[in-house]
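Below is a structure I'd like to ask you about.
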């Protein structure tokens, strides 16, 4: 952790908010309420942790206006304590600047353009005609296919694959094991056999996109697969060929999106949700985790479809009826028809 | 895209079908109806895109007999427009032939056999006793364990791992991040601790198999894990130890198959389906996406088991009853018993 | 397979159990009942394979006391035949000792400590300040970030990434494509945009942990993500930031665990289960495959929540009622209210 010392007044000067208590209180680290000790700044964003606020040993905390009096510690009252705190973490932990240059063990084919301030790590491969932008770092073992282009200011972790012709915008963060631009899953039946349809589209990714570890984004079949600006994908997400994901949409881990589905802007998709192909999801849609989306969604809103768990014995008793719901409903209908007041 | 020019008559000479309109119409590219412009061939396979057919700027289209008159453009009428079009894409976009040879940065252990026309990319590792077949390309950063054998004509993308002793047939296509032959998940309880069971089987893969990015196929515990010919696996599929997958079966993204399950031939398994271990699935079974298969399936057919989504408020009201279905059914039964006509 | 010959009496001397039949019966391999031939030892742990016991060509078998007379073959009767057999497999198939040393193509930054008996494979990268313990093997293409520490006796397969500062205990087994210590998925809303929260915690992994292929374990946001001793993770598991997984817990393939969830000791989590964030799961909890856990579990037990599959037509008829369960229940309630005996 950094050894910078900051006073509360320095933080408020930078990020706004109001100080309650000594504005010269110094902090040099950030920590959770539970782990914090002297010198730490902490925060409360979720009221369920209010007990921990009472017990924290932090030197100062960031609170919302509603929690202003919930602690006697020196504190910063901010409209959005989580965002305020995030800015402090970022201030104390700037991403290390890469050391520019191409590692001696990297292979850069002729015709690739590596910006002077880019860093290409050990055992990387950059194909002919590819471009790596200014200040972008490729961690060890990355693969950049021919003609792929990565914008400036990116942080590409170790062992990422970006296939031929794909385009990644500025300030991308791509985590280890991500695969951008593998072939989409496209086959035509030819009698009993499958005939592979060459996948000749690209993946085109906007600016400020983050892609999680072991996430896969397939190249388009004919047209491109597109991620707009500020899309955030967690780990082990699968994006099929020819999908389009709108700006500022965030997708949690283990989500699968089948081919040719368009997801709007500002959507939030919970972990392990599964979205069928050829759908259109509107802007501002929130999808609960573990929900299977099988139809287009035209209206912003919050959508769910998750089977609730319970103790196995109870589940066994209840779940057996799922295969008899139609019959059960028919029995109810019969009872309704036979009600005395309906009898002749 | 390729700059080859082809006349409709050339295509029909090769692939069959009937020309309506000028047989000398030239095409040089392929595109979707929406993206197409002059010089492009497009196609209609899904009637939902008929509006786009009306508006397309393509030079020619491929249609089914049923849609023969749905466009005034020069057109090819083919029994299966999707397959016909796929063949044209393939004709225009042949996979580039690899440049044979072993890259200077690759490590090939003594005793490995690299066919003269094989290409071993930068930073590959090929262990002793392994074999890479004629015309097979290993992209940069592949790992081929000792004694593993890869047949001819394969295209193994960057950063694939094929572990010791595994066998891959001819014309394999394996995408980045796939792991073939990691240990299966096998432990015996030894009091509170787990005792690891060495996984000494292999993965044996037939000809014409395609394996998606970041898909994992575990080696067998004692016997082998087997994929028969022409199996197609999408991205992020997990195949447990000792599974057998029948010829021509296609499995979409994010499917998980637990150990020792046998899946028949010509099956199609939708994305994110999950299949328990030690099951037998018949030939010609289709499983809907996001369905959990917990029992063997003896009969060909189409199987589903997916909880439908709805707006969260409605879901909350409805889903609460899932934990009371048995009680609800008992209430219906009581009402039935108390019907007047059943009263003594 | 190994060519060692062992007599049944040798096995019982080592591992206990009782011999029925000739104690000098020699075995040199292990096999399933179905595959076994002369010279093979096999076993029966699951009664569903009793037919195969009758037909096996094995030289000897391991049986439970209950199955003592189920075969006429020379046999070892052991309390836990599966564990006994596992020990024999382990005896016949010891993990090969790595050849110590750093491969000429590996990059080890100054200040990294590689134990004299450690093996660092081709094209590995080990960052400054990292440590690789005695007898630990890094397969080809591994990435070990700065300051990461890997204990002794580990087997790290090809192409694993262990990021800066993470800690892995003794005797770890980590399979290809696993990513330890990528950033957690943490963003604060800043108007329409996302503000990335630097993830400054670590991943800290105990002793005797096994991690499957392409599994991802994110580093903590502020505090650490922790896996206690003897945790076993299968392939394609996702562990979010700040999770804690208790000792001896085993998690099957494709499970996703969202951030800040604590799972107890000795739990078993079935494949493709999904666990929400910020939950607490007690010790000794068993969760069925494909179950979504959305609330904390305070009591040991077996929990399920899986939608049963059926033929698609039947499913369609039944599943439609899931969106009308509340209305159906209301109809039942109305019928109950209108029962004659309740009528005035």
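Letters A, B and C mark the chains as written, and numbering starts fresh at 1 in each.
Note that a residue touches a chain if its C-beta (ideal position, glycine included) is under 8 Å from a C-beta of that chain, and two chains touch if they have at least 3 such contacts.
Quick caveat, the model's predicted, so the values are computed rather than measured.
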item	value
Chain A to chain C, fewest steps along touching chains	1
Homomeric contact chain A-chain B: same or different residue positions, threshold half	different
Fitted rotation between chain B and its twin chain C in degrees, CA, nearest 5	120
Averaged-CA centre spacing for the pair chain B and chain A, given as whole angstrom	25
Where chain A touches two or more other chains at once, by residue number	105, 123, 141, 159, 177, 214, 236, 254, 306-308, 310, 319-320, 322, 324, 328, 332, 335, 340
Interfacial residue positions of chain B with respect to chain C in the complex	105, 107, 123, 125, 141, 143, 145, 159, 161, 163, 177, 179, 182-183, 185-190, 192-198, 200, 214, 216, 218, 222-223, 236, 238, 240, 254, 256, 258, 274, 276, 278, 287-288, 291-294, 301-308, 310, 314, 317-322, 324, 328, 331-332, 335, 338, 340
Chain C-facing residues of chain A, complex	1, 30-32, 34-35, 48, 80, 82-83, 85-87, 89-90, 93, 95, 103, 105, 121-123, 139-141, 157-159, 173, 175-177, 208, 210, 212-214, 230, 232, 234-236, 248, 250, 252-254, 266, 271-272, 289-290, 306-313, 315-316, 319-320, 322-326, 328-329, 332, 335-336, 339-341
